[in-house]
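The same subunit A turns up in both complexes below, where it pairs with subunit B and then with subunit C.
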Partner chain A sequence: MPSLAVMASKKEVPQELSTAPFDPRFPNQNQTRYCWQSYVDYHRCRKLKGEDYAPCDYFRKCYESLCPFAWVEKWDTQREENRFPGKI
Partner chain B sequence: MTTWSCMNLQDSASPIMEQLIFFHDHTMMIITMILAMVLYFMASTIINELVDRYMLEGQTMELMWTIVPAVILLFITTPSLRLLYLMDEIHNPIMTIKTIGHQWYWSYEYSDFVNVEFDSYMTPYEGDNKSMFRLLETDNHVTLPMHSFIRIIVTAADVLHSWTIPSLGIKADATPGRLNQSSFMINRPGLLYGQCSEICGANHSFMPIVIESVSTENFIEWIKKLSE
Partner chain C sequence: MKGFSLASMKSHPSLIPLYVCVALGCSGAVLYTIRLAVRSPEVSWNKKSNPEPWNEYANKQHKFYSPVRDYSNIESPAPKYD
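Up next, the complex of A and B:
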């Protein structure tokens, strides 16, 4: 554990803390659909606008913040094997 | 160890819990007054020997004993509903953490800035160790920054669990295939303890939750170290 003086001197500007904002489509405690919709929207956005269209990253940020890693992995495999149930 | 503090609610570590304690005390006071009054009426009815055999109704009295309880109930429902909707509110969270209930441990995921995930198992109690709580310590603490709004997503991988921190006034069911959202703001540093609150199998009692509330700078240090 570094001394307090060291910790104080190491103060740096934290990288921007941001997370998926409140979405009025999902006002309830149940946020399952928010995660799912963001995942589908991200891949649909990339399909329509191209792989390096920056605004699509908004959806990626949302689903990364909300979906458990295991879900994303599962959906990624499903997309690779062309058996993803959503419309992309 | 059982101490007198177990009689009361835990000290609050968030504004919501503070309000919940105030509400509890307020309602308790009303209940105590009603109990005292009813006991007095019952006692006086039993002891009283003067009986009016011809009294069939008393309009004024009946009106009063209908209206007065209704007004008393209003004094309970108003703050109760206010709190209920306040707890449901998501105040622009600065970060999201995910907690996943497993048989029988909790795992946590941080994915807003770096992708970090870890499991949190109970630390077994060693003999006469006075510096730890029996059945409450975990090997990995959920470190969180205080004074900031945090959204928590609660889900489960196998069966129902429930993620609870009494001193934050949080309890959310963890259901497989469903993401439940809750939010809180911790207003002091320290360790906050909780336990699984939904019977989830043989080791239900042995999957505690420990939150370590630290300053934002220390939190950033911690998450950096974890992601290396």
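Up next, the complex of A and C:
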């Protein structure tokens, strides 16, 4: 059984890990609004500025870090079926 | 019962700290509920004119005590696209 030190040194640590930064609009423990707002902002940004506008990606990275996958899939399905409850 | 009206409190002055504590507690609860209603970033009284009330806090502090960061120059990191 290899020692813990050996096992730890074999693991590669990926560089450049990041997550959604602190946003003073959502200061409390419940971050569901931050997830929702990032999702909605991403799609509004894409609709307004087109698919290639780079600053929109900030919102995508935020909601991909914050939102549960099930919610993102559900909202994507709702958007495709034109019954998404938010204004995009 | 004696001690409940302003006049009879003179015969039961030991009830005064009780009244003070109850008054502080009740006013604290009422005032904090009012603060939540009018200052909370997630409460909107008119969804047509204020659909996203959290935007008001893009550059100011909501919590009473938050020593973790400096709020004097804070800004929401989200890019503005409109």
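Criterion: the second predicted complex is superposed on the first by the 73 of 88 C-alpha atoms of A that agree within 3 Å, B and C clash if a C-alpha of one lies under 4 Å from a C-alpha of the other, contacts with A are read in each partner's own complex, and residues count from 1 in each chain.
Methods note: a residue touches a chain if its C-beta (ideal position, glycine included) is under 8 Å from a C-beta of that chain, and two chains touch if they have at least 3 such contacts.
Computed from a predicted structure; not experimentally measured.
In the superposition on chain A, A:59 makes contact with subunit C only, while subunit B stays out of contact range. Applying the stated contact rule after C-alpha superposition, one finds that A:22 touches each of subunit B and subunit C. Once the two complexes are laid over each other on the shared chain, residue contacts for A:68 go to subunit B alone; subunit C is not touched.
After overlaying the two complexes on the shared chain, residue contacts for A:31 are found with subunit B alone; subunit C is out of touch. In the superposition on chain A, contact is made by A:41 with subunit C only, not with subunit B.
Applying the stated touch rule to the two superposed structures, the overlap between the subunit B and subunit C interfaces on subunit A comprises residues 21-22. Here subunit C touches subunit A in the complex through residues 41-42, 51-52, 54-55, 57-63, 66, 69, 71, 74-79, 81-82, going by the rule given at the top. Contacts from subunit A toward subunit B in the complex involve residues 7, 10-11, 14-15, 17-22, 29-32, 34-35, 64-70.
By the touch criterion stated above, subunit B contacts subunit A in their complex at residues 88, 90, 92-96, 98, 100, 109, 111-113, 115, 117, 151, 153, 155, 157, 172, 177-182, 216-218, 220-221. Remark: subunit A residues 21-28, 33, 37-38, 41, 44-45, 48-49, 53, 55-56, 58-59, 62, 87 touch subunit C in the complex.
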